[in-house]
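Quick one: this structure, given as structure tokens, is what I'll be asking you about.
Chain lettering (A, B, C, D, E and F) follows the sequence in which the chains are written, and residue indices restart at 1 in each chain.
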């Protein structure tokens, strides 16, 4: 990997990190450029092998597809997985399997960096406090813009350096990796997405019995030719039927609760 | 709904909306989360509203420097509402500082929960899984391109809409949300259900686990996966894995890292034994 | 096409038109003989090519399958499409595609005739009025039977004449039709049924949210091996579950509105 | 339910039922729709009922010459009820002319709506699509024959049953329908839902639209239909087309002909551009 | 078939009969060893042809899969079907089809034996009565243990004897059976399970409309790739949605029935 | 819930549970059904409870010799409850003989109904059909072995659990079941629905009927099954057969044997005519 290539990858690693404002903020950055699928295309273009990049991106994406970060709690660092795992795998002549094998451990290691930035960034609001006290609008803007710097240095820097310096190591690592170890990462990589979905279920489940809905979705996709879009429409139908069947009544019932009952609407 | 003698122009709101879209998450940190960025978005607005009341201006800046956290994309409604409330206050209406802060605080929780599960947890995986199916077999760039175009236009559009909606409804937006509980409940329940079903579908195509061990005895070779697990139900193992992970997380209070470790160790053992 | 063949086709065109009483009224006439699918078989028999007739009938049928005529409002004249479109296409040596290409424009043109008959037929009730005033039962019968005549002349006549005289024109038209034009009619023909279904949805939808049911049906057929019969059974199940889940309550609630609680246990 | 000292014989009712089945729609016109035919069906009945009251006979003829319109097949219940009411009136019961006319008018609307959507819009398409699947590939006459046999027997049978049912229930039929609103609602809702789902299924096999354009760049040739639309959902385009047509019709109040024209123009453009 | 083989088969016939306590009572006996599927394996082992035994067992099992015996009412004697039908078929060199052809008539004949035992066993409770009157615990135990004997003699004996003596007859029967008769038993055997399911529906149906659920299950399995397990999960979802949509209301309504409103929050 | 000064030890209950599991159905007969076995299970318990009251012991033995019948496996809860009630009575609590007998009688009906349809009619067919799919094609012993292991462990485990649950809840168990009608209803309805759907699925793979007759005319040969019935719906004939059998049984009060005979005759005729 040439230095320029590593530099470009570092830059995009930063653009796809959580605190980047440049491309429509978190929407175009973390949630778009930061996605392994998109990263795969970008890295593929940079390294001159779009095909392998996209395939590796899609395979690494599967690891993190259901991942949410409630309240800033990151279960695994997608950024290093994408912007270090994929390029090193491609550089070593590998593709999807190799990218997954690197992404799994890198996503663990990257958590340290993520939490470090989340911690040091706590400095800037205090700078903002002081400006606010003085009614100094420019000071607030300054504090905001300065927050960009650590993220830039650490994200772009780490990705660039590890890609550039780590390439030979990664190459020998991957080339000498016993097939059983590669197989282990593949197996683990296929199982690990369960964690993201478990978080998602926990987050979404307002009532315990609703877990059955998750199971229904699983089974319907497994036993029919539905695409996810079709499933979403069907799911909207099921939800609408439920809400309408149940909801209608409330209104009727409300009617009976004449005089004093007004707090019975509680649900 | 809109104030008759509004102080703020359409242009001010547009500018604030763009500020928010670009910077909402830019200052994230463990202490205040989105606090500083929220103040940054409000600053030009407050400057104009309290142009001739420097004390009010300072106090306003300070109240928007406080801790704030929500799912930033769905949460675009909240700064919209906040601006409308500040404008009303500047015009001398009876809007206390507490009311403004409390409204922000009351809304950020539900919007975080719904936003995380619907936007990040459901809508994005839908798009991603479509996109992945477009490119996985031959590395076609159409997959990621499709994702970028659809995601960016819909989500930026949604933020733009919600921000302006929040401003135009003003405090009414919050009221609608909290007093018409029944409707809010219906919508929340419906969306939750929709989300859970779709998540189940996406999970079934993503989480994978299969036994490669074959029972061999004499000439006969029986694939345990095909012969037993697939007959019970294809995908029974990853389903049990996912439900198991949820169970440990929810009921046994395992931490995410513990579960990741557990799965990794499990995978290692299974591979070592030649089972998976 | 021989004159006799054209004559027979004209006759069946009349028997399949809306006001024909002969074959169990509207049920056996308009709704059966009038259907392109059945017309295809009849025309095939008359022209001596059952196979092509049935295929053309089925293909033209698809254009109009969901069409309803609420309050006499006809969106497209199925009669000309069937009894002029199909025979002319067969006569020209074509089959399904050609029949569709002719059926689309003919179904538009035929509307004029349909509305003309609907208008002039308004004469006969006045004849009936006069008979009623005089208590003249025979007069009412006479008015009723006379109504049959314009329909017969216009429907049988138009189909017969156009089929007989139009055959050479249709032949040269179809044989010289650029493939792109044929392709255009095929494309339009596949899209046009949307209109009938849109009318049907509009007619059926008592509450807005129920549009999701239409989508559910669409998706279920698309993603499974269900036949329409199977879907109808499944749909009956969904409807029953909804009605029972929702309906039951009303009864219970109704019970609570009385002062005596003993019927509240009602299930 | 049946009148003890009925004036009309079973034979009279049978004859009227056949008259109705054959002639219900035979005099259709924009002014009175089914009015003349309705009177024609009633005439022999009225002749017998008011055999010795010529004035009543004339008035009765006149009241059944009025405008009447419904879905004629499901609507077979209505003349049945009407005959029972006329018979009661002829026997001196307290059945006013207005009641008779109003009952007809009150019933014809709902029966038109339900009949159009259930009989013509749902049941017939079900049979047709089964029949089409029997013959489309090889032009086998079994398809149309199957349709004719099943359609004719079931629908003529239904009309026969409803006509007699209407007569035997008499005015009670109308009452049942209008007073037991809850049951009527349940049935209507259930049938509507059933119908909509089935219509959706039939539509999905009938409306078709696909992009034939292939993006070619160098050696690579990407079918837009297979690569993008089918991955989102097979049939997404015709679905959008149908929903779009409904939207324009229902919300934008487009007329049917406008939509037909619109689709035709759209098809022409797409074909011209080589897209479809 | 050797005498020893017949003896062993008789023994297992007894162990799989309804009143056998030995293998976890009715659970391991009648409901497990007594199932044709399990019987097929056991008989296969005894006769030295596991493969044919298992296949015949599975095919005979299909005849009785939905069979319940409410209140001791046995529609068809599974025991003879399994432990006489299968071994005789295997002994005659046949397998599944032949086993079914023998199982159908044998299951009818066996009913006589079943009802005979159910009747004579009514003797033992009277023995128990006398012991109870005297407070004689040992007497009760004696009565219980003695009940085992008739079942043992009749079940083991009948299966053993018929298998041993009937083998030649069965062989000539099966070998000389016209193919049409064999075909008849196959056709009847495929249709007869309808009886068991009809009983099951009758037993399960608490409200008439619920028959639609049976139809839904039928159609879903027919039109998708769902396994029964997957269907069971989906069914649990449907049931949960129904109960939750309907149930919720009752609670609310129930709330209105009390005089104090404070428990309206009940969920 | 558990009696403080219990007379019975854990060991006594365990022993009774095993007695029940092994002997519940061992004395089945048309007169008392499970009566003798029930008494046999209770005897050592009663001996201990009424060690010093021989008259009570005799009366207790007699009351448990009476008619008793339920689905024995799900019904394992009932002897558990009965033991708790006898223990309470022995301790001098106000538990009358009638209450004990009535409780048994009240519970045995519902447990028979639910047990028959859920355990024998739903759970067992699920396992059997999975097991059959594992071995039908090649006679692999894994099918029956799978069934034995899963069935035995789950059902014996369930009985063990229910027996002890019954004992530990005591009379409360019965009360819970009968007073919290709403919950009991919900559960019963839910299980019934689940059962019916699954039964439908299993039936569709088990009941089979197909027309083999082909209509031949000249060169054309039309398979009636493929061309007509399968287009309507694959499996339409066995479905009609099953529903027909249920209809005759439920509405026309046919006996099981009559239906078996009817189907056999039908099959004979169809085979004779070469139709099936």
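By our rule, a contact is a pair of C-beta atoms (placed from the backbone, for glycine too) under 8 Å apart; a residue touches a chain by one contact, two chains touch by 3 or more.
On a predicted model such as this, the values are computed, not experimentally measured, just so you know.
Shared contact partners of chain B and chain F, listed by label: D, E. In terms of C-beta pairs in contact, E-F outnumbers the other of E-F and C-F.
Between chain D and chain E the centroid-to-centroid distance comes to 50 Å (mean Cα coordinates, whole Å). Computed centre separation for the pair chain A/chain D is 53 angstrom, with centres defined by C-alpha atoms.
Within chain D, the positions touching two or more other chains are listed as 130, 133, 140, 231-234. Contact with two or more other chains is made by residues 213, 215-216, 219-220, 222, 224-227, 229-230, 233-234, 236, 238, 240-242, 245-246, 249-250, 253, 256, 266-267 of chain A.
The complete set of chain-chain contacts reads A-B, A-C, A-D, A-E, B-D, B-E, B-F, C-D, C-E, C-F, D-F, E-F. Remark: chain B residues 130, 133-134, 140, 142, 146 touch chain D in the complex.
Considering their complex, residues 222, 227-228, 231-232 of chain B touch chain F.
Chain contact summary for the complex, chain C toward chain A: residues 209, 212-213, 215-216, 219-220, 222-224, 238, 241-242, 245-246, 249-250, 253, 256-257.
Taken in their complex, chain C has these residues touching chain D: 18-22, 24-28, 30-32, 35, 37-38, 40-41, 44, 50-55, 57-59, 61-62, 65-66, 68-73, 75-76, 104, 108, 117-122, 124-125, 128-129, 131-135, 137, 140-141, 143-144, 147-148, 180, 183-184, 187-188, 190-195, 197-206, 210-211, 213-222, 226-229, 231-232, 234-236, 238-240, 242-243, 247, 250-251.
Every residue of chain C that touches chain E in the complex is listed here, in rising order: 224-227, 230, 233-234, 236-237, 240-241, 244-246, 248-249, 252-253, 256, 261, 264.
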